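Have a look at this one before I ask anything.
Order of writing sets the labels: A, B, C and D. Residues in every chain begin at 1.
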Amino acid sequence: MPESAVGTEKDREITFAQAVREALAEEMRRDSTVCIMGEDVAEAGTPFKVLSGLLEEFGKDRVIDTPISEAGFTGLAVGAAMTGMRPVVDIMFGDFITLTMDQMVNQAAKVHYMSGGKWKVPMVMRTTLGATRRSAAQHSQSLHAWFCHVPGLKVILPSTPYDAKGLLKAAIRDDNPVVFFEDKMMYKMKGNVPAGDYTVPLGLADIKRTGEDISLIATSSMVQVALGAATMLEEIGISAEVVDPRTMWPLDEKTLIESAKKTSRAIILDEGYERYGVTAELASVIATGAFYDLDAPVKRMGAMHVPIPFSPPLEDVTVPTEQTVFEAARKMCGK
Amino acid sequence: MIPSNDNPMTTATETKSSQDVALYLRMYRQMVAIRQFEAQVNDLYTRALMPGLAHLYIGEEAIAVGICEALERSDYITSTHRGHGHCLAKGASPNLMFAELLGKRAGYCKGKGGSMHIADPATGNLGANAIVCGSAGIATGAAFTAKHLKNNRVAVCFFGEGALGQGVLYEVMNLAQLFKLPVIYVCENNSYSEYTHFLETTAGEILLRATAFGLDAEDVDGQDVRAVHTTAKRLIDRARKGDGPGFILCNTYRYHGHHVGDINREYYRSKQEEHSWKTERDPILNLGKWLIEQKLADAPALELVGNELEAEMKKAVEFAVASPYPDVSEVNEDVYA
Amino acid sequence: MIPSNDNPMTTATETKSSQDVALYLRMYRQMVAIRQFEAQVNDLYTRALMPGLAHLYIGEEAIAVGICEALERSDYITSTHRGHGHCLAKGASPNLMFAELLGKRAGYCKGKGGSMHIADPATGNLGANAIVCGSAGIATGAAFTAKHLKNNRVAVCFFGEGALGQGVLYEVMNLAQLFKLPVIYVCENNSYSEYTHFLETTAGEILLRATAFGLDAEDVDGQDVRAVHTTAKRLIDRARKGDGPGFILCNTYRYHGHHVGDINREYYRSKQEEHSWKTERDPILNLGKWLIEQKLADAPALELVGNELEAEMKKAVEFAVASPYPDVSEVNEDVYA
Amino acid sequence: MPESAVGTEKDREITFAQAVREALAEEMRRDSTVCIMGEDVAEAGTPFKVLSGLLEEFGKDRVIDTPISEAGFTGLAVGAAMTGMRPVVDIMFGDFITLTMDQMVNQAAKVHYMSGGKWKVPMVMRTTLGATRRSAAQHSQSLHAWFCHVPGLKVILPSTPYDAKGLLKAAIRDDNPVVFFEDKMMYKMKGNVPAGDYTVPLGLADIKRTGEDISLIATSSMVQVALGAATMLEEIGISAEVVDPRTMWPLDEKTLIESAKKTSRAIILDEGYERYGVTAELASVIATGAFYDLDAPVKRMGAMHVPIPFSPPLEDVTVPTEQTVFEAARKMCGK
């Protein structure tokens, strides 16, 4: 039974996975054209158990197990979205978006524009990102930068259960193709989530912690890393602000730039490969927008330029950690 | 659909129902409309009035017409880079099509799509597509909606035999059959994908590639509009009833080059081959002959159809040529809904 | 290959050639080796010694063994996420495999690959692959090389029936047949892809999906190693001669969960179903029974094989556990050649 | 007959297309494991006629027409490369790399690393980029940023016939998967190309024009745009330096940064979508490397954040032109 039925009390804590499920359940109750499709989404509720219980409530016409045909069912969803459905497609590992690029980029993203605004594609792709699960190079990538690069798509990277629920509901109601990336390592993270209906608008960054000395601009699970680093920094007298853009497109440049202007230093944290990725865009936006206020070059911290290795000691050094962020920030602040 | 103006027929034999007769004549007219449309496209290219390129449907008219005549207006189609015929057969207005081909504001897509992206919700046209096999998912999804919303619609996916090379086709045929979706995959085998013969790129048997996934598959002479229509009707009715997807293999030929600029073709196909298709298997000529044989029309009446449509298309071209380009400020409208 | 130590058989009937007998006993031994290897993997997981997960091949041993015994050492294979059996059957060393599974420097991939990426040029293993159907292109390409360099090799592509959902499989089967490449596609149909039964995801007839592209396709009882071997031999010989690709559909069952952590399986399959496969259709039990019936081995000899291999695998685990992790500085080696 | 046979004279001018073909022909003569596969590459020599004549010289076992199966034949090339061939795959329009992402990113790029260095993938993918051909949204994209983002791949964007020949030969000899992007609009451009064997090493930027006041860092056909703008700037007394990184990965950061340090102003020009793309990476590299020397924020000029429109007046404003670059540079230099 979906958690949303549990109660309406104020300070309700649920997990990130539950928040995602609740968003889906509420939207499916509200709108019968919302349906879910993907591999092992029905009885199994996905390998991460994010969707458990949805089949029981909504039946197999709306929670649909597919063959292992990422391109095929993503394409199907594009057509379904054009003609009256609001499909939510589940791509189990973000590494498999490789197989959907043509459907998402050459079809979903362009249909509205190419048709002169006549057809719309209100679909959501939910998928995952994040390493350190010992899953090796083909199951650990964070490839969201590719979609961010493509006009016509919107891209969301929630970092808390609250944001996950509100942003996913907004995504489902959006009339455009939206890609929603969930960090696999965050599914069990708990947080305060209202039981009722609310949305978080796309295009609004959130300041997760205010500070004065340095801005840590972080996405997805890197927000937790930034918050951890901020706590460590506090102990040595550095006040760090943590800013979460939440949606990569539309991008709330203003909030990012304001923060960097205020603190005069910025580090960008993202779990995608560092080169030619999200860190480059955000760093460049800030380097331009806060040009006259920065005391130091914007620092980028993303995944190392290597395929993610399996061996635990190797994998652990490929992504930013509280410790490495702390060191970088300390150095930047000259302490 | 091209309005069928005055009725060109003279006498009708007793054996055909008047409905059938009207259908044959409508299909004749539609095929001629497409051919005349394409002749104007070629002319626009030659006169350097058209930006970019276009892929002419001349020679293949019987497929689009035979199939679209078996569809309701609310049914869906998806089309290809060689899509003018499909769009017209599903009811598109030549004025708005030419305007689109010239990149004008009045075009179906406000000039943003061009020849390969004509789309029109009013006629159920989900869009032509410049990615080979790019619309197979979309058509299947439209059928998914039809089933889910129980709106009784059918979706037809047109594609060239080159699309048989794209794996996604097999993925969606599998999905369509599993979900028993009302979608018909129509393979227009004109023997060539660009400059390469299909036997060089297509192993095994085309029909089996559909039956292997459980689809009801049939092949048909793509130059015989009545045969195409009969087959289409059976599979479309079946799909509409909920009995699942179908596949139609239509053997056909494109008279012109892969695109309007493909003039010297002898390195990949002989003039002799082109000649024999044009003279012996032309869908319009052959239907015309048959109509006359059957005393459903006479030669002057058919000629009149040609003349009328030629005039209509010329007028449509004039409309498009005179029509303004979009304003530069429109460039970043319609990116997001 | 697992060195076949002492010969466990006692008497051999006159009707079998001694070559055949040696083959049966080798295949028995190999199947037991794989099962014992996997038992240790499960144990490592239970003892929380293994990072990540692993997908056990237990129950499916006859396929890898029956097929790899029909290959030369220089022939190629590609494998899957459920790949330990394929790698071992093609000749991998348990020491280096366990080391890889634990992420150790001594592993086949210096710890960088893990369970799903064992690769080894020395035994023609082009690599296990964590993308479903991810190696179909690679295997086809290896066969392309074999044909181009005329090196007389064959490539075998193992995949689960879940891979039938991936369009690229049809793309490469078409290519293989067009180019008459020496590649065999081996579909291990264990009825489930993760937690979903194949009938829910697979329309039509599996074998037809290969014959439609012109491949020589056959199905075989994947629990009968001798049958698998006979079929494999025919198709491999044929491919090696230049007569083109083959497809083998092996019906089989995985005894354990999708991965080692998939313990409660009753929501997707019954204990009864698992039980009947394990007791009635076990490839090792059944070959053992047959060997005894045929007087090619006796029960104590077969038991000895099991004990020997269990001991060997335990030693291999010890080697791996004791072996060091790579140095952190190695993390950005091997990105570029 | 391939142009390379024509002569050995010094100041030989050939087209970009001829330079590409000559590189292939020379490498195929030198090494019998080099072969070409793709759609309409044999008799037709590609729709752009880049490969005309190769079939005649090398036969159909080495110049291979494929079905329209971009994923399939790219995957085949990965396996062929691993086992002893050096395949060169032809993807007609860069928009179709969407279909090859799984083979290129999850396979080709990772095989070497995942196997602990045991298998190699010496293959080249040749494909195209560039708009303004009135080909609309699905035939006009410049998606090279995606590949630049992926460790294990190398990415080349030649801007002259000379570079095209030398870089392509280097790519074919490289033991890694290399993606080589050719701008369709450049095929007819002529330039000086030695008839004999030479290579241009990957990872070396080239200063196409020296200048003092501003650095125009440009890729592919944007190099010509930059040179045109530089000429216009000269007339108003601004001396522009034009730097071509030539290979996006490996990236010659040093040369880019040195130039920006010297001139104290930089504009990045690339025909890919501007957001989350190549311009972001290069701008960020320079903003960091030349932080203390820049007089103004690095300016990025890429493709507008819209699917490429068909209509000529619309399409023309989506990409940087000599005029827009000139204006931007003038403004930046305060003139």
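Assorted remarks:
One rule holds for everything that comes next: contacts are C-beta pairs under 8 Å (C-beta built on N, C-alpha and C of every residue); 3 or more make two chains touch, one makes a residue touch a chain.
All figures in this text were calculated on a predicted structure; none of them were measured in a lab.
Where touching is counted per the definition, the chains common to subunit A and subunit B are C, D. The chain with its Cα centre farthest from the Cα centre of subunit A is B. Centroids built from CA atoms put subunit D at 31 Å from subunit A.
Computed from the mean C-alpha positions, the centre of subunit C lies at a distance of 42 Å from the centre of subunit D.
Per-chain CA centroids place subunit B at a distance of 48 Å from subunit C. Between subunit A and subunit C, the centres computed from C-alpha atoms are 37 Å apart. Along subunit A, residues 66-67, 69, 71-72, 95-96, 99, 102, 106, 113-114, 136-138, 151-152, 304-307, 309 each make contact with two or more other chains.
The residues of subunit C that reach two or more other chains are 109-113, 117, 129, 131, 134, 164-168, 171, 174, 178, 200-202, 335, listed in rising order.
Interface residues of subunit D facing subunit A in the complex, by the touch rule stated above, are 95-96, 98-99, 101-102, 105-106, 109-110, 113-114, 136-138, 143, 145-146, 148-152, 248-249, 251, 272-273, 275-281, 283-284, 287-289, 291, 294, 296-300, 304-307, 309.
Interface residues of subunit D, counted against subunit C in their complex, comprise 33, 35, 61, 64, 66-67, 69, 71-85, 87, 102-103, 106-107, 111-122, 151-152, 154, 175-176.
Contacts from subunit B toward subunit C in the complex involve residues 164-171, 173-174, 177-178, 200-205, 208-209, 211-215. Put simply, subunit C touches subunit A in their complex at residues 51-53, 103-104, 109-117, 129-134, 162-167, 193-196, 200-202, 267-268, 325-326, 328, 330-332, 335. Only residues 76, 78, 107-113, 117, 119-121, 126-127, 129, 131, 134-146, 148-149, 151, 155, 167-168, 171-172, 174-175, 178-179, 333-337 of subunit B touch subunit A when the two sit together in their complex.
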